[in-house]
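Worksheet: one structure, shown below.
Chain lettering (A, B, C and D) follows the sequence in which the chains are written, and residue indices restart at 1 in each chain.
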Amino acid sequence: MKRSSIIIMLVVLAMFVISWLAKASSMAGVEDHNIWHGFLITFSAFLTLAILSFLYKDNPFYKFAEHLFVGVSAAYWMSMGFWTTIVGNLIPRISNSLSAFFEVPPIADEWALLLLPDSVTFFIPVILGIMLLLRLSRNMGWISAWPLAFIVGSTAGFNLVRYLRSDFIEQVSSTFVPLLVDWQGTGHFFSHLNLNASGQFVTMAGNWVIFLGVMCGLIYFFFSKEHKGIFGFGSRVGIWILMVTFGASFGYTVMGRISLLVGRLTFLFGDWLGLIS
Amino acid sequence: MKRQVPLALVFIFGIFMIIQYFIPHEKSEWVYEFFLDWIYIIGIFALALGIWSLIRVSYDKIKYRRPNWQYAAITLLGLFFMILFGFDYGRHIFSAEGLRNYMFVSFFDYILIPIQATMFSLLAFFIASAAYRAFRARSALATLLLLAALIIMLRFNPYFGAVTPYIEKTAGWLLNVPNLAAKRAIIIGVGLGIVATSLKVILGIERAYLGKD
Amino acid sequence: MKLTFLIACCVLFLGFPVAGFAQDTPEEAQPADSITTPIPAPPGNVTAWDTENDHGHSVSLSWEPSPDDGTGLGNVIGYIVFRSDSPDGPFVDRGVQPAGASGHTDVGSKEEASQDYMADYVDYYYKVRAITADSLVFAESVMVGPVQSYGQWFNTGRIPVLVFVLCFMAITIFFIQKAKSGANLFVRRLAGIEAVDEAIGRATEMGKPILYVLGLGTAADIATIASYTILGRVAKKIAEYQTGLIVPCYDPITMTVAQETVKTAYMDAGRPDAYNEDMVYFVTQSQFAYVAAVNGTMLRERPATNIYMGKFYAESLILAETGALAGSIQIAGTDEIAQIPFFVVACDYTLIGEELYAASAYLGREPLLLGSLKAQDYAKAAVIILAILGVIAMNVGLDGFKDLFYISN
Amino acid sequence: MFTPAPLLALSSSTIGVSISLGLVGLGMVWMLIRSLRARDVDRRIVFLFIFISVSAPILFPITFSETPTPVVKKLFDKVESLPADSKVLISFDFDPAMAPEVQPMADAFTRHCMAKNHKVIFMSLWATGQSLLNQTMRAVLVTEFPEKRDGIDYVELGYKAGNEGVLNVIVSNFRKMFPTDVNSIPLDSIEIFDKIKSCRDLDLIISIGGGKPGIKEWVLFVGDPTKTPIGAGVAAVVAPQLYPYYPKQLLGLLGGVKGAAEYESELVRHYPQFEEVDKPGLRMMGPQTFAHVVILAFIVLGNISFFVSRRRASR
């Protein structure tokens, strides 16, 4: 380790301690365990800064925060999963004594599958789970494909129908827009031509754009034909509309993202440094 | 055996789920709900597998003194303590108080939340740098992207947007008309892609997820 | 005006003391109040039947709105539906409908434990009450029943879906057969995919690894499944070129699958020796922790190319910008519409939506996969034709055409 | 780490903000010059600008004096013009995700009504709204208006499941849906409800939200049948969809942080005693606008440098 980096380390450490003490003293009387709470707040402030420091360049503090984050979060999900799924959902179904041990009310049988009690049917996922773990063994690894097949297969079937319905059929049928909105003849159309948003012309133009836009978009996503000639033109219009959309959605998001940062900085300046009342 | 059984399973469960969709009856609903529960439960075992992989990778890092091996130790420590607290010794070890354990909660509030929120807030910076880098009128397409973004941003900037009704109108139109059209085209395409791929999976044509033989 | 005044009086002097019994059952109507607010005519011709295409535990009702709803006295502000399991009560409140409504679906719980459990194959009796602003002034329809609820074994409302499923299966299988019979199926080149190959070459020259991110999808997400195929192809090339590969995973099952895929790819390339378990590793199942780790990897390993394929959420821009910072070539592909813009802006190549799926077929170069890609295209052609027909139908007033696509529940 | 504290405490926010504004301005000029020389700036500089432009308005709360747009003003004036002891219902129809944008509105409305001595009824159509409702009660009612008494000056009905169904019932009778308030005190023994039977007896309904059930449902199921005036506060994203209802069915509409800020500033203009209280709407306003402008500036700069360099290349 270079001397400079050691010095930086020490400085940061010193600042950490100072701020901790200052925080603790400022919280004295207001809160009990002020030392401990002072530490917690200072530490989370430190982590916040560590992450932000990444914007300058990768550095030991970021690495520290990152690795800590990875470890803790993995463990967090593990515990979550254990309590909510295993204890919350599995155990109450398979064994009364165990659920008594974990102090969770047993769930009544629903006699759902093949008239087997849950206590039996719910061993199936356990077995599948164990099969999955078997992949760690050299020669039994292949069996881990079975639970995988169960998951992938059932979700594939699940997705197939639902996406076909919501992303395909319903989208297509909602493309059936009237291209002639309350049409009362060409003369009437031109005599009443105006540009206000609810006017006939604007609504009609809108419908046309939507209809042609969808068409061209689909043409752009055509793979089995070279994009040439009229077809090529269609696909070009398609990509134009796509680009406009992407630009729009990007611009739309900007504001919201900024307020995220506001939240963090308010924590730093307010909760930690106490610069804002 | 090694190949056929999984493919058969995929086919059976896939077809079952499709049929189930058309049977509103309680019985089929039950089976369906059971499957969802099962998937969660299997997921937990898989998570154990993942944790194992995390531990092994970090452990190797330390063992062979790979670059940044010191930090791997931090990961392991964090993991170890969080699990320890998570599986708390409230009434007796493994009491459902696990998630309410004081240290577990403070780790969550003072380590996970701040880092998570900060990572998320990095977006504010990146959205700016991305805009600066990419929104340049290099080509016709890039210009379209740029203009659309500018109009919408002006619209939602409380100071420009409010004053010029023209921008307000245009932005509204952009969001309601071309935006709708393009999104719909993408959605239809994606929908088709998903349907086709699911079908390929069920029919056992797409089997990369099993690792080819 | 006068009416409201009367109501006010009634509320003040009569209404309030009695209002304690607001949840009054239909039996105890207060004739006294009829002086203050005229009693409206009851809703007519009430019918009740088991709700179609459901799992049971539900009954539907329809009625003709009271003549005083909107028209006539015009003092009906809504309808309350009452149910009982015996013709002579007690009746319980099963839901409210606003004025002008002419139907209601009484949905009970299927859990026997639950409060409003509604048993199947049991006789129920219904009444519909037209209510006024004064809860003591109302009119009740004649009782209907007995009616029973039960579950169906086929959802007729979803027939359109079934039709489409079958059609699509047919087309796909047809083209797959065609592909098997060796007809060569043209598929246009995709810029993003061409880029993958040259990116691998570049990585080899620079002697730097390639980072492949499968995204936040679970192993069963179709986007992830498509991503495996691409990963397989990429890994194979990498194995041939002997470049490094890094695959950090968010989902443990995805990790196991990815390991499988990469391993086979290396075997296909004839270099099983070069495969190493730690190429594909699990990070954590928490979105931003995962991002933090991947960001770190990008800046430390300095991969020549970052490939993002699969499901991505808010992190898309964080990843892509960090990658750009590290000076890597970036190729992205996702079906997550909200995130496509960010990839388009920050990456060198982006596979937009369906292109991701096309890519997996295109890369696989297997006739079978290409066959299904053809099927997709023909489906799109069908969409275009249908849409044109639909628009014409709309404009000549054949609204029936749209109903062909109507899916009830 | 703490050295800046006293300094900042001393410097009046105007000085502070003008300094930082100057900084950013100068920086921009410098970058403009660079861009004219067709030199791109390192992204770290971009980051720095964003950081300053967001943090400066937080440290020195610059409150742009918001002149309320008519759609906000009308709602404010309505609350203002109602005589004391009018019955106002505030419904919290939002979840934590929306809270940063709309909770400020809820607080502002509550303050305003309390200052005008209106009788306020709090409820929520969203299960998640309950906790946010309590938050406002704790932060605003209990702390700022300790003299106000539960059940006499305000009452908390809380959350009731049933979405539009709830509205359908309370339109004719509160007691049918809410036999008691959250503290399970029967409505009959709550003073405010002496004179309230249904939504018709309310003088104003304010729904705060942005989802379903929300403003639309209030308008369709309560506002239209009972002709009770309805005001709304919504997230910026949904505001455009609600404009069609204004002014016929919606008395007024607060859209996003901007709307909240306008209402807050108007409130302070009429009630100086609220100078001191936290005004999140106005507070969020500064950073957002500031950073937003900076980003726009960057886009322009980027294009300048791009065009200059291209002209150079073509020469």
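Note that in this section a contact is a pair of C-beta atoms (placed from the backbone, for glycine too) under 8 Å apart; a residue touches a chain by one contact, two chains touch by 3 or more.
Fair warning: this is a prediction, and the values are worked out from it, not measured in the lab.
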Problem set entry | Per-chain Cα centre nearest the global Cα centre, belonging to chain | A
For this session: With chain centres defined as mean CA positions, report which chain is farthest from chain B.
Result: D
Exercise. For chain B and chain C, what's the span in angstrom between their mean Cα positions?
Worked result: 16
For this session: Express in whole angstrom the distance between the two chain centres, defined as the mean CA positions of chain A and chain D.
Result: 26
Exercise. Just curious, how far off is chain D from chain C if you go by their C-alpha centres, in Å?
Worked result: 31
Problem set entry | Multi-partner residues of chain D (at least 2 other chains) | 43, 47, 50, 54, 236, 257, 288, 291-292, 295
Seminar exercise, completed: By the touch definition above, chain A meets two or more other chains at residues 51, 54-55, 63, 65-66, 69-74, 76-77, 132, 135, 145, 148, 151-152, 154-156, 159-161, 164, 168, 172, 175, 211, 214, 218, 221, 242-243, 245-247, 249-250, 254-255, 258, 261, 263
Exercise. Could you say which residues in chain B touch two or more other chains, in rising order?
Worked result: 18, 21, 27, 39, 42-43, 46-51, 54, 68, 112, 115-116, 119-120, 122-125, 127, 129, 131, 133, 135, 145-146, 149-150, 153, 156-157, 172, 175, 183, 186-190, 192, 194-195, 197-199, 201, 209-211
Exercise. Okay, in this complex, where on chain C does chain B touch?
Worked result: 53-56, 110, 151-155, 158, 161-162, 165, 168-169, 172-173, 176, 218-220, 222-223, 225-226, 228-229, 231-232, 249, 251-253, 255-257, 260-261, 263-264, 268, 278, 281-289, 291-292, 300, 314, 317-318, 320-322, 324, 335, 337, 340, 342, 344-346, 352-354, 356-358, 360, 364, 366, 368-369, 372-373, 375-376, 379-380, 383
Exercise. Inside the complex, what are the residues of chain C that reach chain D?
Worked result: 4, 7, 11-12, 15-16, 19-20, 22-23, 77-78, 93, 95-99, 131-133, 135, 325
Seminar exercise, completed: In the complex, chain A touches chain C at residues 51, 54, 57-58, 62-63, 65-66, 69-74, 76-77, 108, 132, 135, 144-145, 148, 151-152, 154-156, 159-161, 164-165, 168-170, 172-173, 175-180, 211, 214-215, 218-219, 221-227, 242-243, 245-247, 249-250
Problem set entry | Residues on chain B engaged by chain A in the complex (per definition of touch) | 2, 5-7, 9-18, 20-21, 27, 30-31, 34-35, 37-52, 54, 68, 71-72, 74-83, 85-87, 91, 94-96, 98-99, 104, 106-125, 127, 131, 140-141, 144-153, 156-157, 169, 171-192, 194-195, 197-199, 201-202, 209-211
Seminar exercise, completed: The answer for chain B against chain C in the complex is residues 18, 21-27, 29, 39, 42-43, 46-51, 53-54, 57, 60, 67-68, 112, 115-116, 119-120, 122-123, 126-127, 129-131, 133-135, 145, 183, 186-190, 192-201, 203, 205-206, 208-213
